[in-house]
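These are the structures, in structure tokens.
Both complexes below contain chain A, partnered by chain B and then by chain C.
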Partner chain A sequence: MSDDERVQVDVIVVGGGPAGLSAAYVLAREGLDVIVIERGETAGSKNVSGLLYGTVLNEMMPGFYERAPIERSIAKRSIGFLGDGVQASICFGTDEWSDPPYNNTFMVYRSQFDKWFAGEVEEADAALLEGMVVDGLIYEGEDEQRKAVGVNIRDDEDFYADVIILADGANALVTSEVFEQLNMRRGKEPQSYALGVKEIIGLPREKIEDRFGLENNEGMAMDLIGSPFEGLVGAGFIYTAKESLAIGFAAKVESIAKCGRTPNEIIDGFKQHPQVRRLIQGGELLEYSAHLIPEGGYRAVPELIGNGVMVVGDAAGLVNMSLYHEGSNLAMASGKLAGEVAAEAKQKGDFSKRTLAAYPEKLEGTFVMQDLKKYQGVPEILDHIPGVFAEYPARACRLLVDYFRVSERSKAVIQKEALKNFLRGLPKIQFGRDLLRARKLM
Partner chain B sequence: MNSIVIVREIWDTRDLVGDVVGGDGELKGNLLTRFEPEDLNALEMALQIKDQQGGKVTVISIHPSRDVDVLREALYRDVDEAIRLDDPQFAALDTLGMAHLFSSAIQKVGDYQLVLTGISIPEGENAFLGNQIATLLGLPHASYVDALEGIDETGVTCKRGIEGGYETVRLPLPAVLVVGVALLKDDPRTPRTAKARLKLKHRKTAIPTWGSADLDASHLTPVTTLVKRDTVPQREIESQSIDPEDEAALKAMLNEWRSLR
Partner chain C sequence: MVLELTLEDKLYRTRFESDPDHSHIEVDDEVCRLCETRICLSICPAKVYTPNPNDESLIAVSHENCLECGTCRIACPNEGITWRFPDGAMGVKYRFG
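Now for the complex of A and B:
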């Protein structure tokens, strides 16, 4: 490249999160000339933290968990219900989860993890341009022939590429404009978003391991629903890191707006629940953050390709918002596949929509689209069973507590009363219907 | 007009909550680094002179990069040469030792009219590095320089911050300028950002390293040594939350206040 020649490479990836980095990693390993443009000061600096499922990454970089900055591998999970003064939970795990590959479930701080991943991508010889913002794409041609040929970097020059992979995350400003420009099809339903709010609370390692019953680098992931999230379509979580806890919740944006409490008040209420308080007490607030999560699911997934572009990860709404809340793994799977297809397109010398169509076609056959399809009804179900996050859990808790209440009355009376309490004020038909619907959440 | 700029990588303590320094004087947590902002101002001054009058800009830094490599960042902003001073013997220098090393490196680069650096010295919590370099090189210097008013073969005119205002001074060349605090964001002198094309060009450019064999290494034993560090304990505030509906609790709180008075 001479100083006045325009910069033209094989692929430009917009966004240096797990999706974009996976695409770039595959492409660089195939020997393509690839540039990743990340608006954050460093890759991951615009992201938060949480669970990472590592199946796809392990395919790309076998044994990555030996080298990556992982806080803890998740050896135990629990699903808990919090009521007013009551609680219930199931906690499960197996010894296998404490050994490689650790059930492919890890707690990571994304600012560190993404940075490490970006380093591996650079090592594979992709160029990483951090702290640079893509304002939009550059197009050529009209109508059906119209295609994206480059990117416009804010306060800087234009760069050109044969294919542009859009990995600009949940708040996909660039992707959104590309849909207009290239007349790409939106999802059947508009995308909806959850707001994730998280605090990092510092605690000594021994305290964490004692309180959660962990050894060595074992970690625990707790999902919690119930009274702190009353009126919200959402739930809370606590994940253990080495010397800190990540605690927070994710809830549908509209439900937060409607519930009359600020995200801050919600998380405070969650932290003050007696069961939660004793897990975090004595801790020091180190950091807080918030992030948008696309949760429209399968029905909101748009067309994933256009002339010269492919959309991956959160920008494409590839998030499984069921109990698994799996996002980064889907992002990496889609990025990896898009990278492979772009490498094939380079070999053929054909970057038309027809060639790139291999990406969505192959994606259909992977767990990404299969899972999204299986859970496509989830957003609707959650909208229609307002009680699922607060009222039912509270009732279930109360049922257990009443059931085990020790007194001199006969067990038959106690049990009958417990059931009566559980059903009090509950319209039976609605309960039955909700129960049937909720089955699809599993 | 050739300039040499001394640039440093410092801990980024901007977003930290809580104590940064542990009881043993060691820095805690996952600290990242950043480009010393005053050094970035100094670099911008040198680059503006180069833009207007041509010439060469050389940057020198010390120690391996921890996180943000200021030398590479300077290359991304179009400096002509970047040099790293690095040697295991450079690990525990005091400010004077560092001034000796930098002076020696500046002489080795040679052919310069200006030496620029930022005022802050995070390593020693003092602002002497630029002044000591000037003294060792036997050059005139000005500190707290906020802007250059003019520069030609006969000298440099610069505006420096003083108590309650500014003064404009003129120095013959070569000279050492110690640049003041970070400029406002919309200031025309705001440091430029890295350029995408230069990032591509220089991401693998080899940066030469000079060690004790290349430099005057006669002042590597610190005159001043660190004995210990103490942190000032933060005032602890114990908060209590009381249910506003709970009258008894409110009364108890008022009584507690009264007893404290």
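Now for the complex of A and C:
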């Protein structure tokens, strides 16, 4: 095909998730010619996620939560410990979280939310091509000059662009091939992944609000660790939606492989814990889903630019896997910044790697890289304190339950026994060391 | 009852539009035959991988149940799984996600 026949635009975005859509939104608003290519039937139809933190989206679209399909804004959070037949939790919140901007924390269903976001991006004049698969990129030049110039669409014509933004998510088949082709630097450590498995359980609105102590559109986000996750580097969650609950867990793939249970058995065990069962019983299963989460953190973040390409979101491993488990907000921050840098490059008429380097440089100054840096030790810490997800939480529950055991023995005896039970079989030096390590997870 | 569902029940409630003629997953029989871990049998959340009934040393693939998480690709120690994206708009279609 001759050069004047080929479809050439300013920017092609591979993947219509939060990272890619943010990039496309910024670019379209700057007046650039941008195409988003999404393999799902609609944006979001391949996506699964937990909570949505909306600070970056709120900068791009102030008050987005008035228009977006939000299930509930999160007014209460809790951290729960589960043992065999025992439980303990702390639950916290403030009235402020019930008012805009709702602490920027929302429960959304990504299939619906991403579809809405994609609609806004189209409204801003980006072209959204859904149901199309990018099989790889098209390159020109050799060695140092080798450059991505377009994308190969399965069973369809190719598209060409000055810059290609890679936002193909956690299961980044396209990005990973580009790394080989353009000889881009991988992270200091290989990427590691957690598998998230989730069920959506339908329940009447009134039941949800009664069970979780909520009013109006308030929502609750529960994180749970303990005995259902024995042997895993992982934890469970329950989030409330309008007329359904999302319940599931995420755990490091290697730990699932070793634990002797299948992912389906793990989620079933979690659902059957007596404290969890009470929250979901009587409900009806609406969907079962699974997705990967890149968890290697800062040390696994690769080079974010190559000749003609920028990598954003999960494809770049931008996930904060600490207690905050924040992913989509980092995705949107990186997408927005990559979009801004691509727009500047267009203005200068210079798309060289040197110009694109402004993206990783600026990203270093944002919460994205600052948070990843702060928590860079987390993956290693979690690997080294296997007790943190199951044994310690179960012991903590037991300690509380034993402490408040009512009998006619003196309180001094009861307390002494509770502590003795807590410490039984616990290697003390290791416990001390683990406590010090665990501090870094906060 | 939500607490007593089999995996088959769960997958039945998830929306798929599967391509009956083309599998997006291929396994390398030579790798499977020599595999000691057979981790694909247990790591897949949708049980896409089962022992081949005709030859227990091989793996059968039910690609139509694939949730497209990609875990098998990462977990297979010998790169015996070739995993491509299904054709556009095919495969799993989450209604909630």
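We take it that the second predicted complex is superposed on the first by the 437 of 442 C-alpha atoms of A that agree within 3 Å, B and C clash if a C-alpha of one lies under 4 Å from a C-alpha of the other, contacts with A are read in each partner's own complex, and residues count from 1 in each chain.
Here is the rule we go by: contacts are C-beta pairs under 8 Å (C-beta built on N, C-alpha and C of every residue); 3 or more make two chains touch, one makes a residue touch a chain.
Worth saying up front: this structure is predicted, and the values here are computed from it rather than measured.
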Which superposed partner A:I35 touches (first chain B, second chain C, both, neither): first
Touched partner set for A:A127, first chain B, second chain C, both or neither: first
First, second, both or neither for A:L382, with chain B first and chain C second: neither
Touched partner set for A:D155, first chain B, second chain C, both or neither: both
Contacts of A:L195 with chain B and chain C, given as first, second, both or neither: second
Partner touching more residues of chain A, whether chain B or chain C: C
First, second, both or neither for A:L286, with chain B first and chain C second: both
Touched partner set for A:K271, first chain B, second chain C, both or neither: second
Shared contact residues on chain A - chain B and chain C: 112, 131-132, 155, 272, 284-287
Chain A residues touching chain B - in the complex, by the definition given at the top: 1, 3, 7, 35, 37, 42, 112, 122, 127, 129, 131-132, 153, 155-157, 159, 202, 272, 284-287
For the chain A and chain C complex, residues of the former touching the latter: 39-41, 44-49, 109-112, 114, 130-133, 154-155, 170-171, 173, 193, 195, 197, 199-201, 244, 246, 253, 256-257, 261-264, 268, 271-272, 277, 280-292
Sites on chain B touched by chain A in the complex: 15, 17-18, 29-30, 32, 193-197, 199-201, 203, 241
Contact footprint of chain A on chain C as seen in their complex: 1-3, 5, 7, 9-11, 13-15, 17, 37, 39, 42-47, 67-71, 73-75, 83-89, 91-97
